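Here come two complexes built around chain A, the first alongside chain B, the second alongside chain C.
Here is the complex of A and B:
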């Protein structure tokens, strides 16, 4: 499945400062669909190069990270249960505090 | 003009004569203009005094509360069909509080003052510094060392002397937040740290005020409106604070000046929309700005959470809870943007900048390792220092061993190992590691490069 992943708000520093990644992810064996839960694990295994604790906490993202699926907060689409489809765009963005 | 052409003297005479005529005409124009002005002023004076009830055109304009001066000043707003007289009158009656007169607050305050917000409050407890100037455009060099609140208020007054400007020269805390914020209709969060953001949002929930929240760091900015007409608050979105390592400061990570400028302008815009009841405020949505790729993305965010600790239906914060809440403990970070001062090493593993300067002067054999990131090292560094960034220390420790062997070979005796960083925190972490891997006599320089500039060499650039 072809997906686009984007990192922002400093999270890109965890993956060699590359913000936009075009990726190909397989639906897990024995499953019919790819969920955000599966994808999150895939991202932390394949894209995150350092300090994984700055991205993941338990089975979800760490506090202060907004997850957007096609420009919509994943809280509105089912969080870890959100089903991903071909060409979807997933954004991970760390909240900023500076001014 | 004649074929032969006049000589230079004749041309000069003609120029002088034309100039004289020009001056005469200009003086006649000025005198006529002055007569016209007097005539106009006369009519206005009559209408303002109300002694001439038949001048209906002027009366109509006064009914909405805009004086002739206001009509002139805000005419470009009044000419906008979607803004007009009504929205401008709303603005003139509105009160807005801007918390923070820094990178975000600078443009926000200037626009809010110039657009005619009736009462504009400024909260800040900092002083203007030279390294603020690249982004905090409300301040001028003449104000360096003086309170930002004074500088910002003066700049606002200079662009609009007709509005009320209120200075709150104090840090916003749970002890004064309710009192200050309750005096305004709308709050603009232009602060620079996580605990202040939670506190301001909670206080807005308690007081039922809309909050225009902006943030900027590096080359990115974020903007949204909280607690507006049933929309989410800051805690609905971020119920748990992020780890402190995820809360970067402009003074550590840097910021391109124009980036907070853009977000601050957008904050002014959202505040103006709410105050004037025009348009759709950015509630339930968030604007994400990426300067490098020149992209603005507006995303849909979650609504109000029924379980929110601040605004939830059954879990609503009380005034007492708010006043006793320790925001710095909650977020594990301070409200003032001052860097932490760690004390990880025993005294005999540390030396002062002055002591180190003596070692250099006496020519004692040593290696100085600078553990700052490479781009910091490129700004300025001490002579003969070896740059091994803390993040790469583990992989590059052999470079230090090599340098030590080399200098010991040259001198035929032992050499000391010193570590420096920007402020004296990372250097302690580095010494802890170096002592663990065998450099038992490694010492760090207290206060780092900043301390060196302060104690030893005042001409050394501070950044």
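Here is the complex of A and C:
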């Protein structure tokens, strides 16, 4: 599945300062859909190069990291249960940097 | 996949204000689901109401916006200049930035502020530690290492903002402190037992008895909304952590607040409320406010903190003034030994506000 990931608010520093990534992610074996929960694990394994604790805490994003799927706050779409589809754009923004 | 599918999935819910457009975010303050356009409207209107209710500004005033290039001050500069036009506040707005002299951090963020100057058409003034104190943070860190450097930076920045404000001849400084910042500071002041600051830190306007008052128009504005606003409006801000800032204690308080917010977003406003409602028992001694004998800046001691720190730096004793000022031997504070270096400092612009 072809997806676009964008990091902002300083999170890009965790992945070689690259803000926008075009990625290809497979739906996990035995699953019908790719959820944000699966995708978060994929991102932290494949895109995050350093200090993963700035991005992930437990099984979800660290508090203070905003997530938008197709420019919609993931708090409206079911957070970890949000299902992703072809060409979706997922944005992660840290609120924790600077003032 | 068609657009219908996307709509249904992407929170097919409609904005609870206009009932027309698709909701784009959940407000932490009210848990309302609202669309972008309604979000802009309520976000700006709430800040306008805070400004009006608290009489933060008077018509004709000159206001400096403390601008770091970060998200809060960038959104503040944008929103204030919008509201100033929309509601005819009649304010002369300026951007005031502090250059601490941190290579790879502040030099980059100042570039952002310079772009903001053009984007929002607000005149910019930059004040540097080097000019004010004779030291950059890079030089200070070279001398003292990475311990206590934030103390130097914090004390120096406070004064630098005041001095910059005096140079701009502004009536007030507006800073981008948001609700999350204030809740965090309430907690920190409790954790440190700093009663004087605890009672001050929730005030929306401070320093009204001093030369230049400061105000926080974002006192009730959630960080999440500031970042969402900047993201949706595509505002140009800089977001890199200061290279010298470990500040673990504040970091824990921050994380704690964010954890609470996830469970109950109102926690942030409630902590601010708790801070506001604290009563200080009469037996608690409050430090008396005076002025620094050396530079004339407000100080509860004979010398202000910046002068004590600067004295330490210039004498090669950077630990001077580090730690608890209140616990510091009063002899040391009252009778700082005159040295050759002291003369030097006096000739530096550590002086009065109208240099």
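Here is the rule we use: the second predicted complex is superposed on the first by the 95 of 99 C-alpha atoms of A that agree within 3 Å, B and C clash if a C-alpha of one lies under 4 Å from a C-alpha of the other, contacts with A are read in each partner's own complex, and residues count from 1 in each chain.
Just so we're on the same page, a residue touches a chain if its C-beta (ideal position, glycine included) is under 8 Å from a C-beta of that chain, and two chains touch if they have at least 3 such contacts.
Predicted model only: the values in this text are computed from it and were never measured.
Q: After the overlay on chain A, what do you see for chain B versus chain C, clash or fit?
A: clash
Q: Let me test your reading of the model: by the given contact rule, A:85 touches which partner, first (chain B), second (chain C), both or neither?
A: second
Q: When the two structures are overlaid on chain A, which partner does A:95 contact: first (chain B), second (chain C), both, or neither?
A: both
Q: Output check: A:63 vs chain B and chain C. Expected answer is one of first, second, both, neither. What do you get?
A: A:63 contacts both chain B and chain C.
Q: Looking at the overlay, what does A:32 touch: chain B (first), chain C (second), both, or neither?
A: Once the two structures are laid over each other on A, A:32 reaches no partner at all.
Q: Where does A:76 make contact in the superposed view: on chain B (first), on chain C (second), on both, or on neither?
A: both
Q: Contact-wise, after the overlay, does A:10 reach chain B, chain C, both or neither (first, second, both, neither)?
A: Once the two structures are laid over each other on A, A:10 reaches both partners.
Q: Who does A:19 touch here: chain B (first), chain C (second), both, or neither?
A: After superposition on chain A, A:19 lies in contact with chain B alone.
Q: So which bits of chain A does chain B touch that chain C touches too?
A: Residues common to the chain A contacts of chain C and of chain B are 8-10, 62-64, 66, 68, 71-73, 75-76, 91, 93-99, listed in rising order.
Q: Using the touch definition from the top, list the residues of chain A that touch chain C in their complex.
A: 8-10, 13, 62-64, 66, 68-73, 75-77, 83, 85-87, 91, 93-99
Q: Which positions of chain A touch chain B when the two form their complex?
A: Listed in rising order, the residues are 8-10, 19, 53-54, 62-66, 68, 71-73, 75-76, 91, 93-99.
Q: Would you tell me which residues of chain C are touching chain A in their complex?
A: 1, 5-6, 9-11, 13, 22-26, 33, 68-73, 109, 176-178, 180-181, 223-224, 226-228, 231-232, 238-242, 254-255, 258-259, 261-262
Q: With touch defined as at the start, can you tell me which chain B residues reach chain A in the complex?
A: 100, 102-105, 190-194, 197, 214-218, 220-222, 237-243, 245-250, 253, 255, 260, 286, 288, 290, 293, 297-302
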